[in-house]
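In what comes next, chain A is part of two complexes: it sits with chain B in the first one and with chain C in the second one.
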Partner chain A sequence: MKQAVYGLLLYGFLVLPPVAALLESIMIVHMHMQMPLLVLSGIFMARFFQIHFPRFFEKWNKNGVPGVLLFMVIWSYWMIPRMMDETLSVQAVEVFKFISLPFLAGVSLRDSWSKLGSSAQSMVFVFLTVVFLFMAWIYIGADKQICNNYLEVEQKTLGWGSLAFALIMIIYFLQLFYIDQSEYK
Partner chain B sequence: MHHPGRLRLKHGNTSGVTSCITITSETFKEGVVMIYKHRTAFAMILVVLFGMTLFYISTDGFRAFTSESARSYELMQKNPAVPSVTLEDSQERTYSFDELAEDKYVLLTFMYTSCTTVCPQLAMNMAEVYDLIPGEYVGKEIVFLSISFDPTKDDPETLAKYRRAFGSDGQTWRMARIKDQEELERLLEKLGVVVIPNEYGEFQHNAAFYLVGKEGRLQEVMDFTNVEAAAGTVTAILEKGENRP
Partner chain C sequence: MFNVRKLAWVGFAFMLTGTALVAVMIILNEASVLYTFYPPLAAHPFFYVGLVLLVLGIWACCFGVFINYSHWRKAHRGQPTPLLAFFAMGVFVLWFFASIGITIEVLTLIPWSMGLVETTNVMVGRTLFWWFGHSLVNIWYLVAASVWYVVVPKLIGGRHFNEKLIKLVVILLVILNIPGGFHHQIVDPGISLSIKYLHVFMSLAIAVPSLMTAFAMFAVFERAGRRLGGKGLLGWLKKLPWGDVRFLAPMIAMIAFIPGGAGGIVNTSNQLNQVIHNTLWVVGHFHVTVGMSVVMTFFGICYWLVPYLAKRRLTAKMNRLGVIQTIIWTVGMVLMAGSQHAAGLLGDPRRTSFTTYGDHSTALSWIPYEYVMGMGAVLLLIGVLIQVYAVFHMMFFAPKGETEFPVAEAEDGAAPAPMWTERWGLWIVLLLMVVAMAYVVPIMDFILNAPPGSPPIKTW
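Coming up: the complex of A and B.
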């Protein structure tokens, strides 16, 4: 339950208008820091929901697949360049971001993760790697401004940042093949 | 003999309807029970449907994934009227947009002369479109207009230099500024042009070719990087000689 409180604190901090405005003023921070942190706050807060509504998760997310699908849907949704722009120009989209990332993506990911088999967990990693590679390709490759609220330079930075994320995940995969995990258990 | 047969037929019909209703309500119940038993599978389908609806609604039916394409799409749906603005061109002539555009199409772009990134490319592409449009239309059916949104720096003298650099004749392709800041802002807002100043004292802005119809309404928003497509669209409209209401 302590975790849920920490999650709530993190969430409360991220929601503060000056903090949100600061994080959103830099494109790469908006996508690669604010959004993951929102998901993380949801992952922590998930404890609260699991304790108070165990039957709901048991019945509707028995094998973890619906939850992880929901996570993928929400995460991909916020990778659409237009959504990044609209969080800045449309209030309702901003509100939806602060609800969907922690409570739909974060909570369902936490509940699903332990229920998924290791191969399904790998699928999630593959999904994230593919998404990051795709982002890198779009944002580095674009020869014009994709988001009207950010400069082209920032767009390129975001692209390279995504590529870095993807590479880190690929390195993680490679070590799975080359290093015997059981030695470290 | 006739009578009972008819009756029986009627009777048979009614019982058929009842059994049919019973079947539907039973199937329905079974359906509910099935969903209840397979809630997780059902939740999966719900999530997928939710995702598809969410993406569909947010991207105007998978049409616009960037706010720029959303803007073009929305503009083309709305066809806003271009507000009347007063222009001052490179030859120091002052006239209203409506006077210039009277009974003509106008191919419009926005720029500022001290821009080093997108504007020169935009102007070069504009020149290419200008060359690709059949000569008989130029000046008679269509005029080209580059509007500067930096009226303080872009006085007629500067505009004249810029005009010569890109080979515009100053008549069928004019370069002009809007001196009145309020008028300029109204026009930019109507056409959804977002201008952000960057750290080098430059402006970054979303660029496009705008085609204004004879009735002074925005008719097409075209990708300025695709010269052939833009010239093709404009020529087709000119050849048709019709104005979308």
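Coming up: the complex of A and C.
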């Protein structure tokens, strides 16, 4: 339960208007730091929901697949440039971001993760890697400004950052193949 | 099987050659570029080639440690690594990834200094340097911390602190370390204020494992002191072996890390840094952290490691000389670093030769502090001479005998560290993630909005 409290504290910190404004002022920090941190806060807070509503998760997320699908849908949604742009111009979209990333993506990812087999877990990694590579392709390749709120240089930076993340995910994936993980359980 | 011992010698040879090459170029006045060799100050190409050899030597040693670690893991499945080996792994992982930044920088500077490329991007060079520069000092600190955690408890007749916490401290220091160097660039142009502000968090994150270390070490001291019969609130302090140089030197080193760490927090904070940037305060700061916390720990190590290697004993006389050396060094450092901190607050700049700025009253007010620095420096020189004498004596002239390599044991019934602490693959990936978060923005900004670049400049 302690971690649910930590998750709530992290969430509370991220929701603070000056913190949100600072993180959203830089495109790459908005996507690569604020959004993953919101998911992380949800991952921590998930403990609370798992303890208080076990029947709900048992009923709707028995084998973990619905939860992880929900995570993928929500995560992909927030990778669309237009959505990120709208969080800055439309208050309702901003509210949706702060609800969807922790409570729909984070909580469902946490609940699903242990229920998934190792091959399904690998698929999540592959999904994230592919998404990052795709983002790198879009943001580095685009020769026009895609977001109203961010400059083209920030967009390119985000592209290179996504490429770096994709490469790091691939490194992670490779070490999973070469190092026997069962020893570290 | 790959011979790790040979790899270490290869590394040593590379480093020795590299250092010689660099030193020769400096002495020939072909490399007046200071410690940080910031472009556009240019050195002779051989200076940079020497640096490349130095880094290759470090990498040879890194791979030696990694190969050793993996052998040990295969031979001891399901067992947590011994603490000193774990520290070694942390130190060399940090070495390897920290040196990547500077390698890229040096490889771009070589063709530039040879005239094959006309200009270089100065800001990218500085950023790549500090990717490495701050981790370098943290590598020394991590080595010193390994002695505090593992060796010192044995010397005072105690046990080491909880193994899980120690390993967590190593992991955190490795993952969070590299972006910490960014606070050296806090007054650099071309980086937006919001990025600098976010970086303050990254730098301050390193303070967390250091505070964990402070807590753990004092807990170890109190437990050991009470076991030896120390009573009351602070009675245990008296029971510690203050007359043993092997304890005294690292203990003062640890105490020095309290003002050292606090000064570091000042340097990292955006506003406070504006006051002390490029003043003698900074010089005072690294005299406390490196000159005391790290170097005094290494001095303390000499008094058991050298006799251990030479198969000799530490005599009572040599111990007394060591205590005297420790006191001289401490007084010298307190005078030197203390006056440097004070002079820095009054605006005394660093990296400049002596001047009174036409007898300006502010500049004249620095001079008394500079006298104190000089006195401290004299004491430090005496301290060095004694230390060199002591090392030679223990290596070649001390009486033959057996010296123990002190390694503390865990408390009775203490649980071993959980196996997840050994997931270096994951720690390295997290380290890379943190580096990517920290450096993609400034580096891309410097490249995409690059100024024309600078040709090599030789000032003298």
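We adopt the following convention: the second predicted complex is superposed on the first by the 179 of 185 C-alpha atoms of A that agree within 3 Å, B and C clash if a C-alpha of one lies under 4 Å from a C-alpha of the other, contacts with A are read in each partner's own complex, and residues count from 1 in each chain.
Following the convention adopted for this analysis, contacts are C-beta pairs under 8 Å (C-beta built on N, C-alpha and C of every residue); 3 or more make two chains touch, one makes a residue touch a chain.
Not measured: the values here are computed from a predicted model.
Colleague: After the superposition on A, what does A:63 contact: first (chain B), second (chain C), both or neither?
Modeller: After superposition on chain A, A:63 lies in contact with chain B alone.
Colleague: In the superposed arrangement, does A:51 touch chain B (first), chain C (second), both or neither?
Modeller: neither
Colleague: Based on the superposed arrangement, let me know which partner A:5 touches: chain B (first), chain C (second), both, or neither?
Modeller: Neither: A:5 stays clear of chain B and chain C.
Colleague: Looking at A:160, would you say it contacts chain B, chain C, both, or neither? Reply first, second, both or neither.
Modeller: Touch status of A:160: second partner only.
Colleague: Applying the document's definition of touch, where does A:81 land relative to chain B and chain C: first, second, both, or neither?
Modeller: First partner only, chain B.
Colleague: Figure out whether A:29 sits in contact with chain B (first) or chain C (second), or with both, or with neither.
Modeller: The answer is second: A:29 touches chain C but not chain B.
Colleague: Check the residue A:171 against both partner chains and state whether it touches chain B (first), chain C (second), both, or neither.
Modeller: In the superposition, A:171 contacts chain C only.
Colleague: Both chain B and chain C contact which residues of chain A?
Modeller: none
Colleague: In the complex of these two chains, what residues of chain A are touching chain C?
Modeller: 22, 25-26, 28-29, 32-33, 153, 156-157, 160-161, 164-165, 168, 171-172, 175-176, 179, 181, 183-185
Colleague: If you look only at chain C, which of its residues touch chain A in the complex?
Modeller: 73, 77-78, 192, 194-195, 197-198, 419-420, 422-423, 425-426, 428-429, 432-433, 436-437, 440-441, 444-445, 448-449
Colleague: Contact residues on chain B for chain A in the complex?
Modeller: Residue list for chain B touching chain A: 39-40, 43-44, 46-48, 50-51, 54-55, 58-59, 64-71, 117-118, 194, 196, 198, 204, 206-207, 225.
Colleague: Where on chain A does chain B make contact in their complex?
Modeller: 59-63, 65-66, 69-70, 73, 77, 80-83, 85-86, 89, 143-149, 151-152
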